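Structure, as structure tokens:
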Amino acid sequence: MDYSVDELMITAMARELAGEVMVSSVTSLGALSAYLAKRTHAPELAVLSTPESGMEVTPMPTLTLGQFMTDAQQGIPLTMEDIFDAIFLDRFRIWINPAQIDRFGNVNITAIGPWASPRVAMVGSRGIPEDTSHLSAILYYVTNHSPRTVVERVDFRSGAGYGSERDRLLGQRGAPTRLVTNLGVFDFRGPDHSLSVVSLHPGVSREQVQEATAFPLSFAAEVYETPVPSESDLAIIRASDPLEVRKLEFLGGREAAERLVQIYERERQAMRAALWQNRGRFR
Amino acid sequence: MDYSVDELMITAMARELAGEVMVSSVTSLGALSAYLAKRTHAPELAVLSTPESGMEVTPMPTLTLGQFMTDAQQGIPLTMEDIFDAIFLDRFRIWINPAQIDRFGNVNITAIGPWASPRVAMVGSRGIPEDTSHLSAILYYVTNHSPRTVVERVDFRSGAGYGSERDRLLGQRGAPTRLVTNLGVFDFRGPDHSLSVVSLHPGVSREQVQEATAFPLSFAAEVYETPVPSESDLAIIRASDPLEVRKLEFLGGREAAERLVQIYERERQAMRAALWQNRGRFR
Amino acid sequence: MNKLMRHTEVVDAIPAGSTIAIGGSSLSRKPMSLVRALAARGAGDFRLIVDVGGPEVDLLLGTHKVSRVVYAFVGFEIMGLAPNFRRAREQQTAEFEEWTEFTVMAGLDATVKSVPFLPTHAGLGTDVLTVNPSFRLFEDPIGGETLVAVPALKPDFALVHVNLADPFGNGVILGDGHVDVLCAKAARHTILSAERIVSPEELQRYGRDVQIHRIHVDGVVEAAWGAHFTGCAPYYRADLAHVQEYLAAARTPATWEAYCSRYVTDVPADYILAVGGPEELVGKLEV
Amino acid sequence: MNKLMRHTEVVDAIPAGSTIAIGGSSLSRKPMSLVRALAARGAGDFRLIVDVGGPEVDLLLGTHKVSRVVYAFVGFEIMGLAPNFRRAREQQTAEFEEWTEFTVMAGLDATVKSVPFLPTHAGLGTDVLTVNPSFRLFEDPIGGETLVAVPALKPDFALVHVNLADPFGNGVILGDGHVDVLCAKAARHTILSAERIVSPEELQRYGRDVQIHRIHVDGVVEAAWGAHFTGCAPYYRADLAHVQEYLAAARTPATWEAYCSRYVTDVPADYILAVGGPEELVGKLEV
């Protein structure tokens, strides 16, 4: 069965999720990987339908837009305090999509260039510093692996990778554990906890991934080929995201926004039907 | 119109309550003073129907048992965090009924005798330390003013009165402001912030209150007679507490408990009728 | 995913010497059926953490299961002092740590927030600081103010009684929540008892009344009347007649032993019959 | 007791130079009608505090009302970067303080708890600590661990948009609460805007969805569609078509000026008409 790179990535990301932890859905790839994991090997996951709330949505939503729309979804309402408590207690997982990630797993979503006079001011560090000081699994993904995204050194550390400060102040708490890109799957078991190739996606060569990376990569002793999605994986992903929101993460910003606006209205219609029966307790 | 000492005390206590603050209802005298204040001069009070919850009960409950029964009451549910936040923000009032209060307004509900080997172990300090470090009005009452309750020096400071530690660490935050007893109304404007008579209840002499106090009392320049409840005050109190729970605070422990058990069943019947209409959202 | 357990399994899972946080507040929603099950067994040596304690602390002290109590309050409110607590304090047969309502919350919250302490002004100027060396005075690193450092409280177990739970461990509390959410989050293992087990789908209908989340819960025990003789709003009130019986029994060793053999060493199902059976309880305790 | 106000009265009550905490989260439940009213007036010089900011920060920056922003995030999510925020950061036309989601919460909570700081490990190993000198490293007084001291954030005003409010200032939030309760508690003065004003009796029926309590509230403004063009769950969604219009307008000074004169300098009632009127909004934004 044919699959696309988004589906391959989602499948690889799903494999990293397990245990009775909250999983936040900030992005469509993150949300879909959580849904897929829950429906296959990890039914105990507590998947949120927004990044902050909507635990245990039953049945699973068929829509994958994250929090930023804050549509009402059924499920158990949580508070921001609940979310951060789960982070501090290491009962939380999130797939983070940084603008830059470096050799030692520092990540940047804040600024390109110096923070005080940035070439590009991005969005701020959001809750990444909390994650990277507390969680035992820190999960990153990048949809456009290139020397501009997988860099020698991030311009700003929004999230703490490995290094002397970590050694001194944090130890393993919140250390980066996984990176999934459009080219392969990585961990931080290279020299001095540097980025190392675990598996390459089908058709991707060592040279290709090295060329797309701004620093010399390590490779695990046995680099395997990333397992492709099964038919049932693909069926779950496609049923969960019939409007293909997941494709937007591979488009340029403005193009993605335009496509989203179109999908948004179709999604509203679907949601209207799905939620209608449960609207009683509101208005 | 005839009134009894409980009604006189409740009326005096009600006069101390004003402002948009939460008022907790741990005891019947405290609860009734809050209801009376709200129905007369202080409609802005946010009276709780249990010590921790049930704000804005509409209509006012006609029952005055506190939290310890935790009967369901309508109103806005709060959390313990909401209560303590209101305390730290000085938007909370509570009438506290200590076992001992001393010359400088230290109070004790914890132990008679040394803490580690008490002659009588009482209940612990509950939330009084929080009150006496944050609130701008600290309100005490005692139903049996005697040298055993209004003492030279408390055996244990469950709540911080005046003294060198306060001067050094707290200043005015949480300092005692009022004491109402069965004999009179007091503040702490005597020498070095010691207890001072503001008013004496009708028929109580200076000698009588001095005799009932374990240390030499101060008297305000003009000691007046505590104003008696108006007819409308009495009507409100009696309508709010038809089963006379307020009288129990003037009885000995075991006698009070026995009377309470009787009232409790009568109250249940009344509550059953009052709450029936609102039970829908439970079970 | 299915976390349903029996009372006996809970008792087996909690080793002697464990630190146990208990939810509820004085005569409200104490997990009494779980507490009775613990009181009935051989080993104890428990270290209890309660904010506002009552019969649960008293019963475990009276059955010699407790080596230490962290508490802001232990009592029976207007019904009287807690008799076994009072005896143990006066005769010094267990260790006691004097805390306050907010500092117990802050101590649990420090564990939840993964920090060694939380700061407060509460306790300044009181003898709580004199008798409890766990609290430290320190200078705040921003403005140099003197504050109290409340150390993290780290329960091994939390016992919490809820109105409804699903088999996964989500729990609905309909009345006052007391400090139960903090207990559930802070403990390494949390056990819920619930008046009734419902399906996850039914439970979700309770919205923000779903206060306990399954990621913090390890076991769920069905226990109708599980809070008796404390109350479980809005289902039933505290059984004050039973409180009187308890307090009277605690007066002498002989009557106390009789009370325990009648109500405590029996299995949970028999307890409900011993206190009159479900119909009588409905008749006298339902609002 | 009656705290009902108009938008213009709110604007008059907030002096230039005020520190203003704003609730909501990126494109969700931002108090946009109040923000537009502030953006339309002369004086500004506001110091903003947001956890997850979006159009509200961007609009106030774009209308030159802001001297400083405390933030964990400012953006339009998948729709793009916040254009005026980006410009102000890159051209350094305002001051910015880099915080994080939890530290903004902790800074507000410190004010609520009346302590000068709260401790955390969050931020260690990141450049947030490098660029924001408000945070101090210190040794915890219990075990000597290195922690971050998060200083108290002290807003003069909080602006929060809710689904329903009563005239006394109790507010119902039906969707995600974000950090709005903390903003309301921490601010010296809190102003709610509400989709609809209801009686206290009706409001009480919402139970634990009554998240904002009147003791923390000073003013209430009725504002149907008051969060537009952000969403207000479960009533209506963010208006992404309007987000596109906004982002396109922000590209040049001329188009931006046209946008502002069309949507911002108008009075609130006209805004709803300008964006299509209630019927069209219902048709395109209600789920």
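We call the chains A, B, C and D, going by the order they appear; numbering starts again at 1 in every chain.
To be clear about the criterion, a contact is a pair of C-beta atoms (placed from the backbone, for glycine too) under 8 Å apart; a residue touches a chain by one contact, two chains touch by 3 or more.
Being a predicted model, the structure only gives us computed values, none of them experimental.
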item	value
Given subunit A and subunit C, the chains that contact each of them	D
Those chains which touch subunit D and also touch subunit A	C
Subunit B and subunit D, separation of their C-alpha mean positions in angstrom	40
Whole-Å gap separating subunit B and subunit C, where each centre is the average of the chain's CA atoms	27
Cα-centroid distance, subunit A relative to subunit B, in whole angstrom	55
Touching two or more other chains - residues of subunit B	77, 134
Multi-chain contact sites of subunit C, meaning residues that touch two or more partners	113-114, 121, 207-208
Pairs of chains, among all present, that meet the touch criterion	A-C, A-D, B-C, B-D, C-D
Residues of subunit C that touch subunit D when the two form their complex	113-121, 136, 138, 140-143, 145, 147, 149, 151, 207-209
Residues of subunit D that touch subunit B when the two form their complex	1, 112-114, 168, 170, 185, 200-201, 204-205, 207-208, 210, 213-216
Subunit B to subunit C touching residues, read off their complex	50, 52-53, 66-72, 77, 79-81, 84, 87, 110-111, 115-130, 132-134, 156-161, 163, 165-166, 168-170, 173-174, 248, 253-254, 256-258, 260-261, 264-265, 268, 271-272, 275, 279, 282-283
Residue numbers on subunit B that touch subunit D, as the complex places them	20-22, 43-44, 46, 55-56, 58, 74-78, 82, 85-86, 88-89, 91, 134, 281
Residue ranges of subunit C touching subunit B (in the complex, touch as defined)	25-29, 51-52, 71-75, 77-82, 85-86, 89-90, 92, 98-103, 105, 121-128, 130-131, 146, 174-179, 231, 233-235, 237-238, 240-241, 243-244, 247, 284, 286-287
